[in-house]
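There are two complexes below, and they share chain A, which is joined by chain B in the first and by chain C in the second.
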Partner chain A sequence: MRSVWEDSNRLLLSALTLLLTLGLCVIILAPLVQILAQSFFDAAHRFVFLDNFIDYLTHEKSLRLIRNSLFVALTSTLIVVPTAFGFAYALMRSRMPFKPFFRYISFLPLLAPSLLPAISFVYLFGHQGFFKPWMGGGTIYGAWGIVLGECFYVFPHIVMIFLSALSLSDARLYEAAQSMGASSLKKFFTITLPALKYALVSATLVSFTLVVTDFGVPKVIGGDFSVLATEIYKHVIGQQNFALGATVGILLLVPSVVTFLIDSLVQRKQKAVLGSKFVLYVPKKAPIFDTVMFIFALWVALFFLIVLGVAFFASFVKFWPYDLSLVLKHYDFSSMDGGGWDSYLNSLTLAFWSALLGTIAVFTTAYVVERGKVFPPLRAFLKLLALLPMAVPGLVLGLGYIFFFNHPHNPLNALYQTMGILVVCTVAHFFTASFITATTTIKQIDDEFEDVAESMGVACYETFFKVIVPIATPSILHIARYFFVNAMTTVSAVVFLYAPSTTLASVAVLNMDDAGDISSAAAMASLIVATSLGITLLFDALSHFALKQSQQWRKTR
Partner chain B sequence: MVLKKSVLALAGLMAATHMFAAKESITVYTALESDQVKPYLEAFKKAQPDIDVKIVRDSTGIITAKLLAEKENPQADVVWGTAATSLVLLEQNGMLEPYAPASLKHIDAKFKDTKTPPAWVGNDVWGSAICVNEVEAKKQNLPIPTSWEDLTNPVYKGKIVMPNPASSGTGFLDVTAWLKIFGEQKGWEYMDKLHDNIGQYTHSGSKPCKMAASGEFPIGISFEYRAAKSKKEGAPIAVVFPKEGLGWDLEATAIMKGTKNLKTAKTFVDWATGEDANKLYAENFAVVAYQGLSKPIEFIPSNYASMLIDNDFAWSAKNRDAILKEWSKRYESKSEPKK
Partner chain C sequence: MSDTTALAIYNVSKRFEAFHALEAIHLEIKKGELVCFLGPSGCGKTTLLRIIAGLESCDEGEIVQYGKTVTHLPPSKRDYGIVFQSYALFPNLTVAKNIGYGLREKGMEKKETKKRVKELLALVGLSGSEEKYPSELSGGQQQRVAFARAIATKPSLLLLDEPLSALDARVREHLRQEIRELQKTLGITTIMVTHDQEEALSIADKIVVMNHGVIEQIGTPLEIYRHPKTLFVADFIGKINLLNALYRGENLFSVGKLSLVVHLDETSLPAEDQAAKLLIRPEDIKLYDAEAENIIEGIVLKMTFLGSFCRLFVSINGLLESVLLLDLPHKVLLRDAIREQSPIKLAIAPKDICYFLEPTYA
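Up next is the complex of A and B:
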């Protein structure tokens, strides 16, 4: 009896493992292989190996683009890493008031497409901007506008890295230092900073990569200052030169892959820091320090609220800057580029399906990888596939999708130009972060559940649905929210894939800005933020409720 | 055998769905402004309620590049309201299906392809116009320019925006007009000087006028429809028609060779070049292709037609690539970070 159960369990898990591996190969690996292969061919489909790259890199113009990209990425990183560190430090190491509020504020940029800060900075610092008199003849269009926009866009990602790193600090070290009479400054430099060195490396790399691969900000506010990411867009959309797009795409892949490799190395090292007798650090009251930190955090929060608020406000202004009366007409998108309200509905559809299918795919994959018990090498490969998207910029993934899915011999060709391909691409694009969340959660669930279930002859899917899923509900909700919000805001991958009947809100923001309808672009961007915020609050409430339920379950046990 | 059968069945099913779709819908690529497309299409829907029109709208350069890229496997059935220069280019590549629409005899000879049947038929004339923000001009002590030459005056340094000719049809017709008005060498010299005054090159031909309207940049090189419309909507702008002459192009319509929906495509083109559609074009443009329908437009002078320069679409089409390459070499690689 038992062995039959075991056999059927094994069969089911084997089939699932194979299916998921095949699935991820199609939606992640194959498009990447295709774009890589494409970059070795010239426009007439002849194999030229590295000639495309050599050709590209010997142009004076390409070198300038690379220089521009490097300049913007390095400058933004230099600004955002210390600021985000200070902010995270204030949240974790001070006893300043309103901490939950500040935490929420710092995550707000995640709810907006990266085009939004750029639009806001045009309103703030453009030639008709609020702060134009402070600009002293300088212009926001160009490198500095991009840097400002990127700082806003990258900030929450970096804060998260520092928050998790700071939460790993062991209080016993500080107590020991205290008893030896070390000053606060000394403690900072001998305990805090050394413990954060890996986080600093991660933060720097992540920030650099995010900026280099983002094209929303430079597209809107870059003026004639071009970077590599906008160049891909120009080649592919503007000139339909896919081969050149592929070449530049592979160049963009380099920093992402390097970041990914170093980061995974660093992650492995960081684990060794955690001992079993770990004591959580709790900050003590320090009035002066707390006040300084509060004021700093207040400035950062104010900056974020202003950036979001300006776009929101501008979307209601009748005719900037000459008629500041408030109207709703910019929310009538029917005579605008980008597909109007249909795009908003399409975005909701995309977000819904990405959240639903993405969550199922991610959670099943994580479960199979962690608890599958069949084909260890295949599961290791599956894990690798799941981690791969982290290293792939959206623009490159989207381009890979064109090459792979639009290939006349691909049986999946029918997906091209449908909502289906947008969902698949979005799931693939945001797979990794959710996968890591799911894996962490499953690791925390005692595997004795499965052992007991198996010995009692319970099918593995029953254990999965009756034990694992209920315990992991908060984490599952978190993943669904992540997919939903990212599907609403993303531009980079889907900009190459949408069709006349599947235009998206985030892409509409871009198109309306291109046509000069900046108020309507601001309106659509505000709509996206409002939706993302609503969904986030809803999911937080659901998660809170689920946690309460699971707590109750613990009590009755 | 079973596999073969099922493949056949599947193929049959797909063909059936395709035929079903083909009866009802066509894909139309257009570079018309979004705020024009909406009323035009509503009128078409009234005339032909059974035809579903899928619109792909983008700037002229993008539509042209897209069509050329899809040469082997055309996705569009019809190109509508797109620069005649681009359509001539497509025709030179053997990509258009000649067709004599029902109203052909009413179309002004200047505004259609000379062959019979013509490869393309014009809809209306669109041409250069400069939008100058009067409030900002006063504030910044800028004279209102009256000619192309005026725009090279150093007082306008960084104050002018114009569309990038690679993406925008309006940008391209300006560049070809300068090469015609000033001659090739002088034309490039003119653009060199103008480049020093340009604050930004934009993606679309409308954006410069919208930027001028909001004062973001005081002067925008754009086209007359957007200029007149912005002014009508209350923007504090003066619409300037430079005295050397106006660059222009035709918004024109053609059927793509290899379309699987030829019959529906013909129905659409009959409408798009017919009297009713031209009446709608005449609401927006001072000169339309259908004879006798042109009427004056507010803020556009009555002698507009006489200000247009002599144009040669064949020349513009043939040299399009070379002109854009030269333009990009001169002005895209020069734009260093402005600090």
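Up next is the complex of A and C:
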């Protein structure tokens, strides 16, 4: 066998692989192991194995919580999946006008914390809601409010799944069906739907999990209707009962892990469906169908714009809904709970560092996993570590961070209650999606580049910076933007980890709403959306610029 | 090994888990030779090339380049240039930067690098393309740039991994002659991996035919074509008729109800009644004329037009199961008014029949 020491490239790659594996173990695996271990001990630190779960699950109250969680998750999924499918179908298969506009609108919820739709619905239908007088005896606080809010929050994730699945269908299948005289309906049921079955499974699971693990919406609009996710928050923040928090956290982990496993199985099958080259499907003009789809998409878009717009508008209104004159006083956060403008600056700091360090960590990990050439088993393990965060709800990760980093014997204890731990946690939380983006990009780059460079005696890092990074620039920018926006909007993991000096804007929204100051909460949420939107536009411009710069060599013959 | 040996491979083996990619490969390549590794996909030819390049490690064996053992050296410490099937030109770097990529690494001055790049571009007929990007070049031009890049550092060995297979037929034919001429001019020892037998036959000094991880035969193109050592080589290189036969003594083989006279090979004399396979190239079957031996008759079943000649599928009287392939020029077919269903009378010279003996279990 060749000695690693003789070969500086291999030496460097080996060191990097080891370093990254160790790093991901600390920021992902260790906190999870810690929370898992914690759930086997009682409040007096005695090992009780599954007793915590058995105790918990035999309580009438817990069963009600589980029922509640299941109810909102199933209902939201039943609404969101068909709607998102219709919307994606309209975008991909009709020739309705203003498609780019609709596409942008459907992604808007990604720019807002999940608290925002709940705030909007409170403004519309709450105690002082605009439509309150028309609601009879009904109330928005509770299950239906949560369902509405979750639909808004989950929608873009599901649309993306359907968009990518629909973009993969082969036009030749439709042409073949047409040549045999199949009707549109028959084509839909024999070609379109079967090709989408994996996407449907994925969409359903993802939607279900996102709703079960989200706590922003139920926190704001749930009223007395408690769900599992809000319960963890109450146990940990309200009662400082970490053991119980861990137990509920593990329960939340179950649907996520199941989703993750089924999804990765499904992804593998989906790959087998593809393989050969296919011809892109281009929809034909169909005036009636196009009009119907346009009207449908318009309603969906209107819903999104209203929900976003209400929070935004209300943040400038003097006293909703009685005095609609416009003022800026809600943006003066100085007298508010939650840290005021400082928390906004903290969020920017967090987003900046997460984007910077997260992008570097993700891209290097993806590169080492794909092209590392050393220690195949260790690289497979590294890949597993990188995919793991997808299966872990933010609340569970955050709780794990408390257990792991706050442990008195942990040398990393010093990180606790600093901006550092927030950055690390955010990077870990959003690792997987970016990792998949980076991996896909790297896979598309000819793997003979490294071989050629090596044969010429060029160091691997030189090829990495001179060739791989320039080719992958658009994807790297995409990853950085993803980290930035998510760091701005996330609440779930960081809510357990911030300190008085590191309050965050998204958490401030939560706390202001908690303190009853919904106008300021709306103002801060609007500020987050505006920032995310600004950053997205900035990165789009950067991406456009980068592509333009490299136009000469990127153009394909 | 002698002074003229550029590369020697001793007993090299490679396994991928249970799969034997290469088994006990022995091979010597002389200075200035162009050697083709030829074989079907999965035969191990690319793996062998990658082991020579140091991009893959071997489980056993030794590789010696100009007297120096390189078996466990990383690619950067070996002396060779390589061209891949995809060319692997860095898309974001200009032609000049691609070609100069390894030169600066070797400590060459900027000015000198520029001069060398210019020289190389002139050599491959692409003068003035320095500032172009790979995507602005045609497939054939990209291939030339990859070639220039591979020889930029004046390596003593050039490795070509199916360098022409991504090109269309006409460009391919032209470029392979060009590669051959450049290789001769530079006198650089070259190994080319290919699955295209025509390519190997037309430019190689020596062909290494591989199958299932072992070398089936090493020889000049003519040796490989005229005197295949194994059934695999005979069948893989060119078209061939295979007939089951029994030796009847006196240089006679019986095939069905026919008997054919064959020139015996001193190194493999058949025993009486030993089973054998007879091999006859389609172009070796002639139309009957007065002085011929081995005269056979049959009926033309089908004719396929193949440009300069026509391939005939002939069912032979007295031969039930097999159909003979033969190639005839159009003029002859027109002259003798041969068409489908015509009766036809053929002859095969004894020296044109090869045979492989089936092992006897006595």
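In the analysis below, the second predicted complex is superposed on the first by the 543 of 557 C-alpha atoms of A that agree within 3 Å, B and C clash if a C-alpha of one lies under 4 Å from a C-alpha of the other, contacts with A are read in each partner's own complex, and residues count from 1 in each chain.
What we mean here is this: a residue touches a chain if its C-beta (ideal position, glycine included) is under 8 Å from a C-beta of that chain, and two chains touch if they have at least 3 such contacts.
This structure is a prediction, so every number in the text was calculated from the model and none was measured.
Once the two complexes are overlaid on the shared chain, A:S354 sits clear of chain B and of chain C alike.
Of the two partner chains placed by superposition, only chain B is touched by A:W320; chain C is not. Applying the stated contact rule after C-alpha superposition, one finds that A:F71 touches chain B and leaves chain C untouched.
Between chain B and chain C, B touches the greater number of residues of chain A.
When both complexes are overlaid on chain A, the residue A:G516 reaches chain B alone and has no touch with chain C.
Of the two partner chains placed by the overlay, neither chain B nor chain C lies in contact with A:S532. In the superposed pair of complexes, A:T439 makes contact with neither chain B nor chain C. Contacts of A:M456 after superposition: chain C is touched, whereas chain B is not reached. By the touch criterion defined above, A:D7 lies against chain C but remains apart from chain B after alignment on the C-alpha atoms of chain A.
Chain A uses no single residue to touch chain B in one structure and chain C in the other.
Of all residues in chain B, only 27, 34-35, 38, 54-57, 59, 61-62, 65-66, 68-69, 73, 135, 158, 166-167, 199-204, 206-211, 214-217, 233-236, 332-333, 335-339 touch chain A in the complex they form.
Those residues of chain C that touch chain A in the shared complex are 53-55, 57, 72-78, 80-82, 84-86, 88, 90-93, 101-102, 105-106, 133-136, 138, 149, 153. Within the complex, the chain A residues that touch chain C are 1-3, 6-10, 446, 448-449, 451-458, 462, 466-467, 470-471, 550, 552-557.
Taken in their complex, chain A has these residues touching chain B: 60-61, 64, 68, 71, 122, 126-128, 138-139, 141-144, 223-226, 237-240, 242, 319-323, 334-337, 408, 500-501, 514-518.
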